[in-house]
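I've put the structures underneath this note.
In what follows, subunit A forms one complex with subunit B and a second complex with subunit C.
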Partner chain A sequence: MTALPANSILSRHRWNAGELVWLVCALGCFFTFPEYLALGTAVLVMVLLVLSYDLLLGFSGVLSLGHAVYFGLGAFTAGWLSLAGWKDPVLDALLAAAASGLAAALLGPFLLRLTGLPLLMVTLALCVLVFEAAHLATPITGGDDGLSGVQFAPVLGLFDWGLGGRTSYLYSLAWLTLVYVLLKRVVASPFGVILQGIRENPKRMRLMGNRVLPHLTISYSIGGALAGLAGALFTEANAFVGLGVLSLETSIDVLVMLVLGGVGTLSGALIGAPVYMVLKHFASQWSPFYWMLVIGPLLIAVVLFGRGGLLGSARTIVARWRRAQP
Partner chain B sequence: MSQTPALEARGLSKKFGALHVTRDVSLTLAAGARTALIGPNGAGKTTLINLLTGVLRADAGELRLLGEDLTRTDSALRTRKGLVRTFQISSLFTPLSVFENIFVAVAQAAGRAFSIWRPAARERQLLERTEALVVQLKLQADMHRAVGEIAYGRQRLVEIAIALALDPKVLLLDEPAAGIPSTELDLLHSAMHGLPEDIAVLMIEHDMHMVRSFASQVAVLVDGSLLMCGEPRAVMSHPQVQAVYLGTSGQQRFERRLAHA
Partner chain C sequence: MSAAAFIILYGLSYGLVLCLIALGLVITMGLMRVINLAHGAFAALGGYLAITLIQRAAIPYAVAVPVAVLSVAAFGVLAERLVYRRLYARSQLDQVLVTIGLNLVAVALLSMLFGPNLIPLEPPPALRGNLDLGFREIEVYRAFAAGVCLAVIAALWWVFERTSTGARLRAAVDNQGMAQAMGLNVPVLFSATFALGCGLAALGGILAAPMLPMEPMWPLKYLVLVLVVVALAGHARVAASVAVAVLVGIVETGGRYLFPQYGGFVIYLLLIVLMVMWPNGLLAPRVERA
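For the complex of A and B:
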C-alpha cells in the first residue's frame, strides 16, 4: 500500500502545522489581549458557526441562507432552558444543539431535494419567515426586547461567568476545539468523502448506488446541531438573546466569512471569521455607518483574484514565491 | 434454458412528447452474456441504457434483474443490486484525485457510506481494493492527480475502474472505448476480458473490431425498436442491418463491388 499524499481528502483528519499554530494563537490571545476578551469570544462563536456552515456549503454543496434559523433556535433554546431553571451551561449547550439538529433533520428531507438557486430562495424565505414569526411571538421570544436576565451556573461548577469574559472565552475555545476535532473526523471519514462526491456530482453518486438525500440530511443535521451549539454559546457568553440571532443578516455574514476565509477546507473558517469580525469591530469604531467600505473591497478582491479565499490566496502566493526561488 | 436471465427487460417504451424514442424494446441478457448494442446515431441506444438504469422512467414495460422485479425502483437501488453503468461522456468528481474517485465507489459498494468516524485513510481494506483497481487499469502515474486534469482517455479508464469497483452483476457500458487512445485500448480489452465470467455485459459500441473481439451476441436498435438480436456474424451480414447502416443504394453498391472483387 503506497502512502497517501498529505493533501489527500482521505487524510484530512491529520492536523497540519497551521491549525496547531492557530489554536496556540487563540490561547495566546487570552493572555495578550485581556481587554478584548468579549470580542474574542464573539469571534470564537462565529468561527464555530462558520465551521458548521462549511460542512454544508463546502463539503455537501448545500448553498443555504437559512443557517441563522439553527443558530437562533440554539440561542433561544439555551435562553429558555436557563429561564426554566436549567442553568448548567454544558447541558444547555448540548440540549440546544440537539434541538437545532432535530429541526434540521425534520426540514432537511424537504429542503435538500432542491439545489442551487431554488434552494437559496427557499432557505432565504424560511429565514425571513422564522424571524417574523419570532418577532410576533413576543411571549416566547421577548420580541424586540429579547430574553434578558438569562443566567447560567458556573462552568463545571467551578468557573464563574463574571470574570471579564475570561470564562466565556476559554469555554468557547474549548467547545470550538472539540467541534473542530469532530468535523475533521467527519470530513475525513468514508461518509465525508462520499459527501464530497455528492457535492461534485450528485447524479453520478446516485449511479454508484447512493440515495444522496439521506447523506445530505445527516450532513445538514450535523451542521444544524453545531450551529445550535454556537447559538447556545452566544447566549451563555452574552447573558442575553435578541432577535438578531435569527436575522437574515446573520446568515449572510456567515456566508461572507466563509467565502472570505475559503470554502471547503475547515481551516477557511478559522481565518474568515476572525478577519471579518476584527475588521468590522475596528472599522465600525472608525465609522459606525461606513464600515462596510472596508470589508467590501476586501471581499471583492478575494473573490476576483484569490481562488479559495484568503487561505487559498496565501497558498497561491507562497507557491509562486517558491517557484520564483532558484 | 432454465437459468434465470441476468437482466430481462420487457416492452420498454419511452416518449419525449411526440418523439417515440424507445418502442416496446424487449431484451434479455443471460448470465455471462457479452452483448453489443449497435445502431445508427439517434437510434435511442443511450436512452435505452438510461431506462435500464432508472435515470429515465419508462412509460411502459418491466425490468427484472436476476429474476427480481426492479421496474419501480430508483437508480441508486438498481446500482446497489448490481446493475452498473458507465457514461458515454465521463462523469466523475473532477477536483478529486483518481484514487479518491475510485475510493468513493469502493466505499459505497462496501456498504461503508455511513461510516462517519473512522478516517478513510485507516480503512485498509478499502484502500487496498482501490489501489488494486488503480493498478489493474494502470493508472498509477496519475493516481494522485485531480481527475479533471488528466487526459480524457485516462478519465475513461477511471470510469471503468469505478464500474468494476461497484461489483456489477450486469454491466452496461456506453461507448467505453470512445476517447481512449488506441495505445491504451488494450487496457480496456484486458479489463473486459478479465471480468468475472458470470457478469452479463451490454456494450454500446461502434467500433466493429471491438464488437467482434468481445461480443457473442449483437443487438441492433433502429428508431427506438430492436431490429434483431443474434450471433454477430449472422446479424452483421443480415440484409436489413446492412440496409440500415449502408442505405439500400449503398448496400447495392457494396454487393456489386463484392461481386467484382
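For the complex of A and C:
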C-alpha cells in the first residue's frame, strides 16, 4: 500500500503542534495555578464532555439538546457504585461509561431517525423529562440535595483524593489524553469518514450503499459513553453529584462551548470549553446573570461573523496574514 | 365531573394564550424558515413593558396593552433588520445558536432591569372576580383572556384565508422566489410579518402575565411549551395550531391536576411519542422512514 499523503483525512490521527502545546500548557497549569485546580479539573471534565458532543454534532451532524442525559447518567452511576461499596475510581468510570453507552445505544435507533427541528425538540423533551424524573426520584438521586457521602478509593491504590484537587486534576487530564487519542483514531478511520459523509449528505451515502442509522447509532453510543465517562469524572472529582448534571442548562452549555471553539474539529473543544468556563467563573462572580450578557453577544458574534468558532476565526486571520506577506 | 370541567376550562384558557404566542412563531417560522428560539423573549418583553407602564407610569390597562404590543412589534422590526436578516440563508444550527445567544442577552438584561423576582400582573379592577357558568366558576380574567385570544386568532385566520394580503403571504411562504418575481416586495413582507409575530407574542405574554408571572427566566421557562406547540403543528396553518395548543393546554393542566407528582411529565412523553411518529407535525402526511 502506498503511503498516505500528509493531509489525507485518514492521517489526521497524528497530533499537530497546537494540540501538543495545549497538553503541555495543561500540565503547566498544574504547577503554575495550584489554587485554581478545582476550576481546572472542572474545565478538563467539560473538555471531555464537549469532545464527546463534537463526535455527534461536528462529525455526525446530529444536533441534540439532550446530551446532559448521558453526562448525568454517568455521574449518578458512579455515585451509586460508590455508595454500593465499589469504590475503585477507574472501574467506576468504565462502568459509568458502559451504562451511558448502553442507554445511548437503546435510544439511538428511535431518536436518530429524526433530523432538524424534530430532533431538537425530542432531545430537548428527553432532557427535561429525565431531569424531572430524577427530581421526583429523590430516594435514589437525593433530589434537590443531591447524592452525598460519595467517596472513592485512591487512584490506582496510590494517589489519595485530597482537598487541593491535585489528584483529580492529573487523573482527569490522563483520561482526557486517552480519550483524545482514541477519538482522533475514530474520526480518521474509515468509520469516521463515513460519519462525515453522512453529516454532509445522508441520501448520497445511502445511494452508495452505506446504512445511515447503524452508523449514527454507533456514533451516538460512543458519544454517550464518553459523556458518561465525563460524568463519572465529575462525581469523582467533586465527591458529590446533584441534579444540575442532568439539566437543560448543561446541554445548552455543551453546545455553546463547542460552537465557541469550533464545530467539526476535535481541537475546537480544547479551546471552547476553557474559554467558556473561565469566562463563566469570573463573570458570575459579579452577578449570576452577568455572564449571560458576556456569552450571549460572544456567541452571536462568533456564529454570525466568525467561521468555525474561535479556532476557525484564528485560522482565517492567520491565513489572511500569511497571504498578505510578500 | 367538576374535575373534568376544571381541566377543560383552565386547559382551554391556558392553551389559547399559549396558542397566541405560538402562532407568532408558526408564522415567522413558516414564512422565513428561521427557528427563532428567542420568541419567548419578545413575549416576556411585552409582559414586562405592560407591567412597567401600568404599575410605574400608572397608565390604564386598556391603553398600556396596545402601546406595549406596538412597541414590541416595532422592536421586532429593528431586530429583524439587524440580526434575523442575516439568518435566513444560514443553517438550522446557526439559527438555533444565534437565537439562544439573543435569549441569553434578553434574560440578562431583564434581570438587571427588573430584578430576579416573580412579578405578577394584577388584572384591572373591571376584570377581577369570578364568573358563574352554572356548573363551575371561572375567573373573569381567564374568560377575558380566552375571549381575546379567540378573537385575535379568528381575525388572523380570516386575514390569512380570506383576504388578498393573506394570499400574498401564503404565496411568499409557498414559493418565495416566484412571489418575488411576481412583484411582491419580499423584504418588506418579511419585516412586517416578523413584526406581526412579535406583536402576537407580546400580546400573549401580557395576557399570560397574571397567570404565569414575569421573571427573568420567563423566555426560557415557557419556550419549551411554545416549541412543543410549534413542532406538533408543523408548517400547517392557524386551525392546526389552535387545535394543538388547546390539546397541549389541556394535557398540561390535566396532567398536573390528576397526577400532582408526575403531571409535568405527561406533555413531554406525549411530545416524544408524537414527534417520533409524525416528525412533520400532526396534520401532515406520514414521512418516509429512512
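Details
Quick note on the criterion: the second predicted complex is superposed on the first by the 317 of 326 C-alpha atoms of A that agree within 3 Å, B and C clash if a C-alpha of one lies under 4 Å from a C-alpha of the other, contacts with A are read in each partner's own complex, and residues count from 1 in each chain.
Rule of thumb we're sticking to: a residue touches a chain if its C-beta (ideal position, glycine included) is under 8 Å from a C-beta of that chain, and two chains touch if they have at least 3 such contacts.
Just so it is clear, the model here is predicted, and its values are computed rather than measured.
By the document's definition of touching, neither partner reaches A:L94: not subunit B, not subunit C. Contacts of A:V212 after superposition: both subunit B and subunit C are touched. Looking at the shared chain after the overlay, A:L83 reaches neither subunit B nor subunit C.
By the touch criterion defined above, A:A133 lies against subunit C but remains apart from subunit B after alignment on the C-alpha atoms of chain A. By the touch criterion stated above, A:R185 is placed in contact with subunit B alone, subunit C being left untouched.
When the two complexes are overlaid on their common chain A, residue A:L102 makes contact with neither subunit B nor subunit C. When the two complexes are overlaid on their common chain A, residue A:H13 makes contact with subunit B while staying clear of subunit C.
Overlaid on A, the two complexes show subunit B and subunit C touching the same residues of subunit A, namely 206, 212.
Those residues of subunit C that touch subunit A in the complex are listed here as 35, 83, 86, 92-94, 96-98, 100-105, 107-109, 111-112, 116, 216, 224, 227-228, 231, 261-262, 264-265, 268-269, 271-272, 275-276, 279-280, 289-290. On the side of subunit A, the complex with subunit C involves touching residues 57, 63, 110-111, 113-114, 116-118, 120-122, 124-126, 128-129, 132-133, 136, 202, 206, 212-213, 252, 255-256, 259, 263, 287-290, 292-293, 295-300, 303-304.
Across the complex, subunit B meets subunit A through its residues 53, 55, 74-77, 79-80, 84-85, 87, 91-97, 99-100, 103-105, 107-109, 112-121, 123-124, 126-128, 131, 144, 162, 166. Partner subunit B is touched in their complex by these residues of subunit A: 1-2, 4-5, 8-14, 185-186, 188-194, 196-197, 200-201, 203-212, 215, 218.
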